[in-house]
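Below you'll find the structure I mean.
Labels run A, B, C and D following the written order; every chain starts at residue 1.
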Amino acid sequence: MPDMTVPPLPPETMRALLQGMMRVRAFEEAVHDLYQRKLLPGMSPHLSAGQEAVAAGVCLQLRPDDYMVTTHRGHGHSLLKGMDAQRMMAELCSKETGYCHGRGGTMHIASPEVGCLGANGIVGAGLPIAVGAGLSIQYRGTDQVCVAFFGDGASNQGTFHESVNLATARKLPVVFVCENNIYALSTNFARTGATPNVVDRARGYDIPGVTVDGMAVEGVYAATTTALERARSGQGPTLIEAKTYRYYGHGASDHRPYRTKEEEAQWRCSDAIQCYGDLLIERGVATAAERDDLSARAAAEAQAAVDFAVSSPDPDPARVGDYVFA
Amino acid sequence: MTYRDAINAALAEELERDERVFLLGEDVGLFGGAMAVTKGLYERFGERRVQDMPISESAIVGGTLGAVLTGLRPVAEIMFIDFVGVCMDQIVNQIAKVRYMLGGQVEVPLVIRTQGGGGKSYAAQHSQSLEAWFMHTPGLKVVIPSTPADAKGLLKSAIRDNNPVLFIEHKLLYNEKGEVPEGEHLVPLGQARVVREGSGLTIATYSRMVGLVQQAAEGLAAEGTEVEIVDLRTLTPLDEETMFASVRKTGRFLAVEEGHLTAGVGAELVARVTKNCFDYLDGPPERVAAQDRPIPCAPALEKATLPQVEDILTAARALVG
Amino acid sequence: MPDMTVPPLPPETMRALLQGMMRVRAFEEAVHDLYQRKLLPGMSPHLSAGQEAVAAGVCLQLRPDDYMVTTHRGHGHSLLKGMDAQRMMAELCSKETGYCHGRGGTMHIASPEVGCLGANGIVGAGLPIAVGAGLSIQYRGTDQVCVAFFGDGASNQGTFHESVNLATARKLPVVFVCENNIYALSTNFARTGATPNVVDRARGYDIPGVTVDGMAVEGVYAATTTALERARSGQGPTLIEAKTYRYYGHGASDHRPYRTKEEEAQWRCSDAIQCYGDLLIERGVATAAERDDLSARAAAEAQAAVDFAVSSPDPDPARVGDYVFA
Amino acid sequence: MTYRDAINAALAEELERDERVFLLGEDVGLFGGAMAVTKGLYERFGERRVQDMPISESAIVGGTLGAVLTGLRPVAEIMFIDFVGVCMDQIVNQIAKVRYMLGGQVEVPLVIRTQGGGGKSYAAQHSQSLEAWFMHTPGLKVVIPSTPADAKGLLKSAIRDNNPVLFIEHKLLYNEKGEVPEGEHLVPLGQARVVREGSGLTIATYSRMVGLVQQAAEGLAAEGTEVEIVDLRTLTPLDEETMFASVRKTGRFLAVEEGHLTAGVGAELVARVTKNCFDYLDGPPERVAAQDRPIPCAPALEKATLPQVEDILTAARALVG
């Protein structure tokens, strides 16, 4: 749990965190809506609604020259690391104007230019890539950091071990952030993990393992600050486990027989955006009107992204052969 | 009965028949499988016989080998064939080779079920047809059914086979319906099926492409070309004789596959046909396959990458023209 | 370190341990000699001379129906688990009379019949197979155990993690025994592992991690006894790390530039066979003559194995196609 | 200069030339590589440029991708090609596809060096020739040199290429000697080399088999058959035109490879030659390849499994006979 003695965040940071979460939520809801309207071809997108506090608490304090590697559930991370909502949405709709000119779709959104090194369709496969970025930072002698997001399910892949071990052995500036939303598709982590928590694994590498409430953005933020400092100062990786929840199913065809309506309702009670908005009002950092305004702006961004995506042209099949080789 | 239900029935029957058979994989239990293939089996057979596994494909696949060497007959599921990259060593260096490396001391009765193929805009890491890699791996049988009846009959044979079998389903076939013989329906591994007889052109194919080739054949029939379609059903063992017999009759050969062209299955078929039927050939055999590039997400781009009925028609017309 | 309050071993067990180590040493020296004489085709064998206490301490207390999975450095484990020295040596010489009819050679010696499920040419690849044996034991409801040997280097492979995690999550009867001989080929574990010891990893899985002096057979024996009991009684895996040393290079072409003559000499001072022999004499469990006799019998076994192997026929190339499929 | 020294020289020159180039792999530093290929580079360039890695092939190979995406040009070593099974996902799903999946946003200038092949009785997991798998993987270049000069010139080109290259050496060639041009010697990727001219038969091959084919060609010359030998040098891109031109001249084609026959490289070569040179062919193209079984340890069994000069002679005689 985050150290409670840290000084309070500046009000503009608090508002930025709230806004960041709202932007992700609005984006994901818009994606969901597009998918329901059959405007989004391909695999039903893996939505991160419910998990916004992790994306905001981590990504909003990354520098533009920091790196981030994400997963199949990576829209929120990518958006808050600095990718453009419109080009993201266009990619989700497989349009020519998307980041990948429609070649990638939901699972392959990336923009190395802004430090987003990639989502991934293979569980756990981003972790070695993040370590490679860490090797590169060390090689080049900069004080950049690479954050690697992964899920509770991914922590059971061999790549998790190889990556954390190498990063630790070499004291690489990599921060491993596990979004433990309890389930890997349908499978409860309790049924497949040796220990109750992913963070317990940190003990095996002798690195700091920090558990945070993934619905409480300031805790995520504080833990990340510490981990980033540690990484930038050459002390090596940290493993952060954010306990969180995805509101939707794994994908659209998942009717969630593996969890109860009560469980879902309970998590929604601690909704990161609702609670943090209330808190900021209570603290006097934002008024109800300001909150509504942030929310409206997030909705407008998402809507503009949808409009852009929907009205964008499809990629030209005549150019399907572009980009195989450089 | 659908292809999905046929596979489910085969699994249920073999679980029922042989206590040594058990299933393992990600989300195969409670959830019934990501493709809903194992639905109801957990409820019926319990968690001992239908085991949910962590996302640890090397442990799952290597686990089947340990189970086999100690007397069981496991059937593992790898959710997408695209994920074999994370457990390739266990499949090709361990499972496929162990009997030979051990000088015949063991039999290796295990099945790895998986599904491949594109057509759903799932992009480069969820749309592949990787069977050529495994056809190039001695010691492994490769089964790849196109119909519900074959899916059931071949899977039951695979489970009873004393060799490792990679059983490749196709994601676009799961909802396809077809007649499936009741009860003990076994299709032997290594026998191709002549789907349609004809004297103008031989097309060898398998899995989802069988349906596309059938569509093309109807169009070609209207143009006066009678196509003979050979559904290979298993790539190892390969029933080349059925192919050769057909080519000796038609004098023309086209291989159609969904995997990438270069160094794909079709190359092998063409090489064998050319060697064994050279004097019967009216012209060079042709291939239709996926283009040599990663499979793109956008529907129009995917369509331009994977073989379409139109591509088969074009190739066939060129062959007979 | 082993619990020192355990009752002393029966004298016949002590003598069996000494004899087991001598048998492995004699076997490995004979293999070395054959290789030098160019009678052993293929890769220069990975000898376990120096590490005998681990093989003896673990394998001599396994039941015939227990299982064992080993590595590229597995002659000792296989011999003491119950494989026949002559058929092993014949396999090493690629002879028809070898366990694998010459198909396997040094890296693929196995005899599932006596519970030896296999050596391996791929580092870390035996671990999932051992877990599969564990799944099978649990499935069949017996009280067998599977021991999985692996090296310090192998502990950096993804398969290590997947295997220990699954075995722990399912409480499988698998005992993981790491022979930490400091080096993976030339690479010191200190340069590649996150923690100084392999056993530190046990903490990440919340399983017992036991370090033993791999040159002291009784410590290995005691730790294994505890681990086997735990496994048989359904409590799950143990990770044992035996600190040991290989006397020879990784293979014959390895001239060991990565370690000093002093280091080598120092380890030889604590030679498991020499020291344990001295100890048994001191304890009055064996006389010097008995020790010599055990040693002579080990040498005789190895010599008989060599004679058998050398005089055995090569496999018939006409039958090279046998055993691909059943 | 030996093949080994030529590779070492290429690495040294490229490390010298470009600060973004670095080496990583198991035992490549202090020890100089399991095959002694990187000897002296650690001493000369230091541990930053020549990095020893844990036995974590997925992290090594995936690590190269992370390094590339952040501005470097890594050269990784996988000790034996047989070990690719443990990092196949990173090679085929990540590295080979990333440029395409990202719509051309990135270039992927990395090289994975490895070595394959048999002939040393290293048995089934240390003797394989797996290039066909990678030829079947769009997005990856596959380079496989047969001589010291090519090893140097192709490796330097590979390191300067902005695409991922799998560079496959052969364990039996390391001590082979040959002339190597001094200094800046570059061999472009995608150009086959005509090793020997002849009008009786075209043999396309690569890597160690080039030497065996040369031996066979001498025998055949004595029998009156002049063989034209094409060393492909790179499988992707494939210089098919050089092959076709030769076949149009000779009318006969033989593909020789060390990998397994079925769905191997030769199948692709035969399929292309048949298609493009059908009217020039006097008879069906042939293939010589490893038998379809795991590679056995015993020397006599290994010999009966891998292609020998005698096998090439037999196939060639049948073709011209």
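The rule is short, and it goes like this: a residue touches a chain if its C-beta (ideal position, glycine included) is under 8 Å from a C-beta of that chain, and two chains touch if they have at least 3 such contacts.
Computed from a prediction, not measured in an experiment: that's the story for all the values here.
Participant: Which chains lie in contact with each of chain B and chain C?
Facilitator: A, D
Participant: With chain centres defined as mean CA positions, report which chain is farthest from chain D.
Facilitator: With centres defined by C-alpha atoms, farthest from chain D sits A.
Participant: Just the number, please: Cα centre separation of chain B and chain D in whole Å.
Facilitator: For chain B versus chain D, the centre distance works out to 30 Å.
Participant: Please tell me the distance, in whole Å, between the geometric centres of chain A and chain B computed from their C-alpha atoms.
Facilitator: For chain A versus chain B, the centre distance works out to 36 Å.
Participant: Mind checking the centre-to-centre distance between chain A and chain D? Centres are C-alpha means, answer in whole Å.
Facilitator: 40
Participant: What are the residues of chain C that contact at least two other chains?
Facilitator: Within chain C, the residues that touch at least two other chains are 100, 102-104, 108, 120-122, 125, 156-159, 162, 165-166, 169, 191-193, 324.
Participant: Do you know which chain D residues sit against two or more other chains?
Facilitator: Touching at least two other chains: 53-54, 56, 58, 82-83, 85-86, 89-90, 93, 100-101, 123-125, 138-139, 291-294, 296.
Participant: Drawing the touching chains as a network, do you get a line, a ring, a star, a complete graph or other?
Facilitator: Drawn as a graph, the chains make a fully connected set, so complete.
Participant: Flag every residue of chain C that touches chain B in the complex, lowest number first.
Facilitator: 67, 69, 98-104, 108, 110-113, 117-118, 120-122, 125, 127-137, 139-140, 146, 158-159, 162-163, 165-166, 169, 322-326
Participant: Which of the residues in chain C end up touching chain A in this complex?
Facilitator: Of all residues in chain C, those touching chain A are 156-162, 164-166, 168-169, 191-195, 200-207.
Participant: Contact residues on chain D for chain B in the complex?
Facilitator: 58, 82-86, 88-93, 96-97, 100-101, 123-125, 132-133, 135-139, 236, 238, 259-260, 262-268, 270-271, 274-276, 278, 283-287, 291-294, 296
Participant: Taking the complex as given, what residues does chain B use to touch chain C?
Facilitator: Against chain C, the touching part of chain B is residues 22, 24, 48, 51, 53-54, 56, 58-72, 74, 89-90, 93-94, 98-108, 138-139, 141, 162-163.
Participant: Which residues of chain B touch chain A in the complex?
Facilitator: 26-27, 30-31, 34, 52-56, 58, 82-83, 85-86, 120-126, 291-294, 296-301, 303-305
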